[in-house]
């Protein structure tokens, strides 16, 4: 479905990703784990067209390299950015409607889907996004992503800064989203949780993929533990 | 003399200031650009109203239905051709570009329409009625105030209810996230500039029947529009609306109780005080520091 | 008697309603390499900003070299002998590499010639001598990190606060930086080290504090820290395998 | 070595120029304008170019110099140089007040605040009585030693001297601690302050130097033209022209402002005096009585500010780093 | 680099004036074609253009070199110096604005080329004893003098001033205050305002509260209409509105009968006065430019006529100066003579006129020898 070959990307003259190869098949949850600064977020930004890259990124046999960010969204690739980036002076419903900017037909249906997934958001329809707690904002950000009818959902550190309780909720939601037929590319620091819900995973270190395997394999691989704990 | 007189004429005049300020604030919020050609865009509206009145015999307030789309297109094109090229440049270059564009507009107008001021005299240009005995209320000013209110409400509804309007707000709140929603932010910039221009031109047209029309007539409103924007919080539409009325009232009050020649100084001092003590403006949320 | 060069006492930092750092205390001894670790968003950089004067702590005290530095500006903190680097490098882009380091050196001298000499010396320390006339903005990330290091060293600090100095570097680059840090300590400086690369942290630090969600989670030697189940949970996620 | 020769050559030309064209007060007048704009822009460049603080209110310091000097001269008939020094004092006071307000702000706010301060100064001068208000100040003859102040030559050399001093200060500064500190502030304020730089001290220092030099130029202008009012010496247009000159030449470079003035001042004068239209007509390319000729003679005179605007727009779009930016290689 | 550039520019500038011919009499004209004063500048341009056409028709050989000063004294000086040193004109008409005229006048003796100021009102221009500076129009003090003389007979008691914060505004009001003192008028309000504001109601409200007999106004074209509209709105109605020149003497103002009727104003010139050719000039001007001539146009016309005719007979600056000094003229501006009196040098002691808008038309009402209609006093709406 998504095929990445020899992807190089960075900011200005600063290279971050070096020769990344990665594939995602329909219906999968794929995790990319790695420490801070390894290039996880950069990978998502390259896929969603926020930054320029060299190499090949193909989506259902179409090259994404020359497309602008807003047209990539039209293809069904929706990016939920790190730090949530919700619209602070818009209400919950307005934020969600922005997520559904390109597919207004399905707006009502999607709205119900989001509220089903995160009942808490339904209670807070008219609250301003900026006044919500971090966990609620994360739900909103994911909900906003779903509003865009994604075929592939790119999630950047959804558990960042969340309490364990919220983390559980978020990972549960990701699983539900996946079972409803959405392919998920998940970028996380939370190695165990994310690999747990993933079909496959990649470990990224200083801009390179160093390990790959099924979620199970990676979870049991001592090298992963070493990479993170320096043991 | 009644305290109400300066209050009421200040509020009514402030309405027109508000419209100029809202346009500028919108452009600022979405594009992060200080538009020094804003006064010249007001001038454009004045001439449009004047020619609609003298050539087509359309009442200046009614001619808004023509002026708004024309000005919108003008602003939209201006953004596409010039402004978007400097959207990532340093502020000072953006400012000088808009200064240059303003010079081109005002001097083209000078060539085309000469420097003779044009006076647009409608049947109601100098009519007024009395309120509460001795408070005189100017009819054209009241009309333009009401139209300002109407336009502000329409703009508010546009920004909060329509998808384009919401996309504009989204772009101004977080440009990158807006892109991720599939919003074409480059187009939003052009639309924002188009609306900003339309609002400036509307302000110009509204003031035309009680003011005079001259190629440089917009300049006296430029710094005022900036003051209003900062007062209300750069980027805040509601803030700019209230800011405009505050400036109108402050001007009228200081003319009445202090002196006419110091009123501009008082406005600038308030401006600086707001910058110092509340840089996000009276209503804004973005920090200035 | 152990000399505490830096003493952090019950420091909290709030941004509006958000608590970024909450009641953190620890002490750093002279000539220590002190690790400050924790998952993303734990409040490490915020704590650095509070220590170096970029924003005042909401409550608590920061005592450096027996002076309370809570209300000092960053430049005053620097003058007292505490220098920092940045997680996102901040090269003075249009200045040359040499000039960047000279800017640091000017905090100990006013003479351009002396500043240049100090700068050359520090560039040698970090191995950037071949790049003196390049513009700082054009360097690759690895060299920018080295440049930042040379620049703070030129201020002749008693204490260095390094914010992810190895972030985004490959193994060889990281090793070089770690060697440089060891050599700096040998010359008498004290170092606080924020890092994600656990291998780097455990190999170089004498003492480590772990922050999580703004709070101090653990403190101890590298061995203690890596075996602490709370730390592992914080790092790898509160999973069933922890 | 090459640099010294280059500077010596320029100095020699600049010093001997009046001897070559001494007959023509018109050209010397333009050269004075040119030197003045080069010096103003260079003085602005210390703050704007090196410290990165784009002041849009430098007319305030120019006006402070001009007004202080002319007021003191008309009231007390002091030595003009003393008046000039007082101008520097007044400009410095205004600069300190301005600095305490605007340096707390960044970005758009800084620019707008600098305009507001300058407008407060302008409107105050306009409203006060002792400043001559709207009537301005007309100066009778000035005596300084036995210089012929009706001649332009002393002012030519005066402006040249201030320009040379400004450039010398700039050249010295940029290789000194202060200069490096200013550039560090321009590049990254946080990095600068973490390296022990007292941001507000150095910004104010740059502003003071810049304001003092600008004030001296204002004084010289006042003595030269002998009539000032707010629209001539305190207008926002002047502030903008100063920045434009620097940007077109190349901001943050030693010679950029000079190059900018060399391009803009003669261009503005050629446009004002309809040089191009007259040239076409005089060269016989266009007949004076033809339609095109009439247009050139009558309408181009109205259009020179328009052309100036077009040039501004083209420069910002196509030469955002200025003329010198074209030649500056990336190190 | 600098060297090369300067020499190219200097060379180019030096080369071109030599191409000009020397045959016809060469006169310079400095005017504000652009800038803040451009609107009045245009009237001057029109007047001067008509003068040149008339002169050519009469057989005068004249070459006019036009310069724009944009209202900036620095440019005006450059323009004057270009005219006298590069273009070799023997006389200069202009500049319009007081600031520019001031600066140029102060240099005229240095270059010994006569300057004829057509319309600048600042008194100093002809009070410094400059030998080469002549002024056609009456200076600022006459505006208030003639206005107060016109209403003296009605014995007003109090006066209020409302005026633009410009040189002309401030100068005129200062002389008006002197004249008012002599007449025993009490000042009850003094409101200076910045031009270009949309709202003067608060200022006018203050004046209304002071209830003056006379309201003395100095404003420019459009401000005048604005002020009078708002005065009507808030019901300010003194015994007389006295407008000093500028904005109160335009046809545009007169056409706004609703607000302008019965406003009294001082002017340098009207087309109904019995000066030679004044009516004819007014007619032809209207035909050519489709608007009423302002007094600025008449000033420029007459200044240009006097300059060219005199220069044609006296083709050096020195003889031109002498001829201007001794000559006398009679034309659309009445009798003209440059004399020295009351502190002035080479000043035409022009008698200003007081006119009142009666039924949308300016009628000269004072002094008696020029007036056809009587002043209507007091003012009523």
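All chains are identified by letter, namely A, B, C, D and E, in their written order; residue positions are counted from 1 within each chain.
Note that in this section a contact is a pair of C-beta atoms (placed from the backbone, for glycine too) under 8 Å apart; a residue touches a chain by one contact, two chains touch by 3 or more.
Computed from a predicted structure; not experimentally measured.
Counting hops only between chains that touch, subunit A reaches subunit C in a minimum of 1.
Using the contact threshold fixed earlier, the set of chains in contact with both subunit A and subunit B is empty. More contacting C-beta pairs link the chains of B-D than the other of the two pairs B-D and C-D.
The chain with its CA mean position farthest from that of subunit C is E. Taking each chain's centre as the average of its CA atoms, subunit B and subunit C sit 49 Å apart.
Chain geometry summary: the mean Cα position of subunit D and that of subunit E are 33 Å apart. Note on chain placement: the centre of subunit C and the centre of subunit D lie 45 Å apart, centres being C-alpha means. Shared interface positions of subunit E, i.e. residues touching 2 or more other chains, are given as 34, 36, 165, 192, 194.
Contacts with at least two other chains are made by residues 123, 126-127, 302, 305 of subunit D.
Residue numbers of subunit B whose C-beta contacts span two or more other chains: 107, 110, 261, 264. Inter-chain contacts, as defined above, occur between A-B, A-C, B-D, B-E, C-D, D-E. Contact residues on subunit C toward subunit A in their complex (touch as defined above): 18, 39-41, 137-141, 144, 164, 167-171, 196-203, 213, 226, 232, 235-242.
Residues of subunit B that touch subunit D in their complex: 28, 32, 34, 82, 85-86, 89-93, 95-97, 99-104, 107-108, 110-111, 223, 226-227, 230, 234, 261-262, 264-265, 268-269, 271-272, 275-276, 279, 288-289.
Contact residues of subunit D toward subunit E in the complex are 9-10, 13-14, 17, 21, 23-27, 29-30, 33, 123, 126-127, 133-136, 138, 140, 150, 221, 225-227, 229, 231-232, 258-259, 262, 266, 269, 272-275, 278-279, 282-283, 297, 301-302, 304-305.
Against subunit D, the residues of subunit E that register as touching in their complex are 1-3, 5-6, 9-10, 13-14, 16, 19-20, 33-34, 36, 66-68, 70-75, 77-79, 81-82, 85-86, 99, 102-103, 106-107, 110-111, 122, 124, 128, 165-167, 169-171, 192, 194. Note for the complex: subunit B touches subunit E at residues 1, 5-6, 9-10, 13, 16, 107, 110, 114-117, 119, 121, 125-128, 136, 138, 207, 210-212, 214, 216-217, 219-220, 248, 251-253, 255-256, 259-261, 263-264.
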